[in-house]
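Chain nomenclature is as follows: A, B and C, assigned in order of appearance, with residue numbering initiated at 1 for each chain independently.
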Amino acid sequence: MIVWENMSSQTAKAPQTRFRKRDLFYLMPLWLISLIAPDPYLYHKKEFKKKELFYLAAICFAPLIWSDSHFHHLMVLAGIYAILALGLSLFMGYAGQISLGHAAFFGIGAYTTAILTTRYAVPTFLAFWASALSAALIAHLIGRPILKLKGYFLALATLGFGEIFLVIVRESTSLTGGVIGIFGIPWFSVMGFSFDTYLKQYYLAWGMVTGLFIFSKNLVRSKVGRALLAVGASEDAASSVGINVSKTKLEIFDLGAAFAGWAGSLFACIMSTASPEAFSLGFTILIVMMVILGGMGNLYGPIAGAILLTWLMDILSKYQEYSLPVYSVILILLLIFFPDGVGTRLNVRIIYLIGYWAKKKKRDKGKL
Amino acid sequence: MDLWSYIPQLLFSGLTIGAIYALVALGFVTISRASQIINFAQGEFVMLGGVITYFLLNGAKLPYPLAALIAILIVMLIGFAMHLSILYPLRKASVLILIMATLGASIFLSSTSGLVFGTLPKTLPPFSGGEPLRIGKISFPSQSLWVLLSTFILLIFLYLLSHRTLLGKAMEASSTDPLGADLLGISRNLMVFLAFGVSAGVGAFGGILITPVFFTSYSSGALLGLKGFIAAVLGGWGKNTGAILGGFVLGIVESLSLAFIPSGYKDGVAFVILLFILYFRPKGILGSPFIDSRRW
Amino acid sequence: MKRMVSFISIFTLILMAWVSPAYVAEKSPYKIGVNLEFTGPWAEVTKLLKIAMMLEVEKINKEGGVDGHPLELIFEDNGFDVGRVAANITKFTQDKEILAVIGPFEDNLQGASRAIAEREKITNLIICPSNPMMRNLKQKWAFNIAQSDRIVSQKLVDLSLARKYKKVLVFHGAWPLAQSLAQLYKRLGEEKGIKVIVSGETHQPTDIDMTPQLIKIKPTLEKENVDAFYACTAGPPGPIVCKNLRNLGVKIPILGTHGFGFGFILALGGEAMEGVEFGAGKPVVPDQLDENDPIRPVILDFDKRMKERYGMGIDQFSGHAHDAVTLVYDALKRCGGKVTRETFRDALEKTKDLKACHGIYNYSPTDHDGLSKKDMVFVRIEGGKFKRIKFPGLE
């Protein structure tokens, strides 16, 4: 009884704080930082694995070890595709949907940046955010009806939208330059510091990858992430637990599109051109392959897949005419033998081999 | 008004291309009835039919009918090979993997065709002379009549195949009720294998018909396949008659839309139609219930 | 321990092999990057360009190169993709040894290439013609090899006058070159009294069926009673337009651009190409040139070498390839020993009276196109072959 009284008196005496507008101003940067800061309450000591530090160090120091500009160029591309694949893997790997039109959002991002920077002299930093916004906006508009579909139909509908965007971009020459695209996009620059060499662009791209990776990791471990997994597992069960399935799917679709918009914007600034090929079906296939082959259930998968496929494309480009047939054969083989991602089987094999080696060494030592 | 002077012409060219969409859609339906797989490489079979015939005609200097027949056989073999090498190993895989595998096969077929036969568009001599025929103000190549006639004959042929022959009946059974057919000893994998051959042959046949009118190049397969699929969905998924109907409807609507929109957007029309169908009537015009709801 | 030593040594060896400089030749070669569409719709043509260029480079190197420095071409494929064009030319500029880039072959790709060349200050020799949009940018570092749209349009107006066409309908492609050809033809034609109707319909360079657009144009053709149809396009769409037009029962004469002067055009179009006329580069009809033509010996010599080595004669493309290499060689010779990207560009800009397969090249700070109207001839397709036609007073 005393407890009851204490509690009720405490609540009754709780000070009423008024929410003032300027609190938003103070809270906003905190909120932004919290998006990418690791959550100390969710990260137990064991969770923060050594391998994450190792990967971070590898990303930081790799371009300094291999100072070949071709390597830098490849890794810049890999970084951009990693951002794209990360967004797509949230949509495909966690929420269990299929999107065959994601290249459209990449292209929207690229073209938004291109148009804003070349025609309206918007600084690239602002155009960068505008691209993500426009991609997410368009995703929001088309997402609601599309996401009601499932399986083959969803794949087809997204494919249809991708193709429609391609046709629109190719035909509206006044807006998008049609077949010739838009060129002359300036380098990406922030407050006077412009990323003009491959090395700087590398750090830009991979810095973004790291930031978005931490953001995604936080997302996946949060309530939203669990809702995603639930929707991916079974939509009916998820809605029976009280998850708003269509809202969740739409949110993650928008997020994936925003990631793609960012990636497209970086791509436009680095290539200094934007062209309709960014929307093509072949590019969508490439991105989806990155997500599948990297491994669909985790966040390292798309990044690994991006690096893997970028390197593969580079190696194949030496074979000029034979590159596409060989590429498709390799893709089909990888799909047949590694449908869960290249890493899983390889991991198992390597772990097995290491274990075998360790046991063998022990046995030899024992014998001696 | 100018519109009325060319709408009949557009109607006619729409019928012609509609027949080709119908053939591609038939190919899609054949495979997916047997195995619930959507074969994105279907359009490539059409392309290969035309390109291989061109090669046999001009490179190996075979007589036209023989070249056409051999080309159809070769494309059927390619269909069989595709089943054995790609889809049989993946028969238990998820929808996504299957889609990507068939897309990969489509890239392989189109790029290899570009490699082996060259990347320039190819054409074949029309079956009966090159002078266009005229009806009033409409002139169309005589090939269009051949296309319509052959499509009709093929439909009859496929109907006879599936309803009068034992093999055809086995394929029908396997697609309608896989478990029951299995219990009766019909090997599902064999039926899928045959379905691939049949749809490859149908596609190649369509390719040979259409190449004299429209040029075929190594990259024309992809778009044709997508539009054929849209036609199949439009007409009613799962039925042969639906595929044919959908093909013609798509061809005519696409052609007529040219009267109202700039010509560059023509390809977008098919996809807009797809989206309409998917939202409002996923079963298509002659809708039929899904055969195996698990896959969808 | 042993294992670790061997591992470290192997690793070091690999690292050394990666970063070690290439072996140094007798005299370092002059490197030129080549950024062409080896995969894609033009693959067969660019293959021809590549072997023609290599033939010419071989000849130059056998004769001692440029003061003993061999000439070396580095080929990169851009797959008909603007993004890869940009990537390739950026890669070339990062390599300090590359002096110039022989640029894309297709018109819709040249914009990206030129912009990057201008920013990175490297010479870009583009094989396709320039167009007003590009010329307005007044770029210092971009040069075009092919006949410019001005010359082509002038030649075609001359042809129309000679044939006494009073009304011509123009159907053009959606890329800047085709649009500018149409506009220039209209302007020049109307100055000379020809009525030119430019159709609102367009097509893309990769289209393989233009029947829808032609169906919409046909009523205008009949109503206005035009004398000729100008298919203002290049590449595969050219013969396809002709074929579609004939399939629709239209019988009026067809005019083409210089992009019609290739062998595969005839193969594609077949009967529909009979009677098509256009202004072409001289390599299209090597055996029908005038005796006193100053570039005739150059053409015949290259034709002979191509037939000896590859079994095929000269044609418009191999002519372009030959000219690209010749221009580079000539400019390098005039650099006078100090060869850098800047001196190369200046030397190239001072090219005067260089006899090459397509004509006599003259570059200047205001003219980066090089050729003139005299370097083209009138050609008619008859019997499946190119036949030169002459009109007195209009050459």
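Structural remarks
Everything that follows uses one rule, which is that a contact is a pair of C-beta atoms (placed from the backbone, for glycine too) under 8 Å apart; a residue touches a chain by one contact, two chains touch by 3 or more.
Being a predicted model, the structure only gives us computed values, none of them experimental.
Remark: among chain pairs A-B and B-C, A-B carries the greater number of C-beta contacts.
With respect to subunit C, maximal separation of chain centres occurs for A (centres as means of Cα atoms). The distance from the centre of subunit A to the centre of subunit C, with each centre set as the mean of the Cα atoms, comes to 41 Å. Per-chain CA centroids place subunit B at a distance of 38 Å from subunit C.
Annotation for subunit A: residues 170, 321, 324 touch two or more other chains. Subunit C has residues 39, 43, 174, 204 in contact with two or more other chains.
Residue positions of subunit B with contacts to 2 or more other chains are 114, 262, 264. Partner subunit B is touched in their complex by these residues of subunit A: 92, 98, 100, 145, 149-153, 155-157, 159-161, 163-164, 167-168, 170-171, 281-282, 285, 288-289, 292, 321-322, 324-325, 327-329, 331-332, 335-336, 339.
For subunit B in complex with subunit A, the touching residues are 38, 85-86, 89-90, 93-97, 99-101, 103-105, 107-108, 111-112, 114-115, 222, 226, 229-230, 233, 262, 264-265, 267-268, 271-272, 274-275, 278-279, 282, 295-296. Those residues of subunit C lying in contact with subunit B across their complex are 39-44, 174, 201-204, 206, 208-209, 211-213, 215-216, 218-220, 236, 240, 243, 246-249, 264, 268, 270-271.
In the complex of the two chains, the subunit A residues touching subunit C come out as 66-70, 73, 170, 173, 178-181, 183-184, 198, 267, 271-273, 275, 277-278, 317, 320-321, 323-324. Listed in rising order, the residues of subunit B touching subunit C in the complex are 2, 5-6, 9-10, 13, 114, 118-123, 130, 132, 134, 139-141, 213-217, 219-220, 255, 258-259, 262-264, 266.
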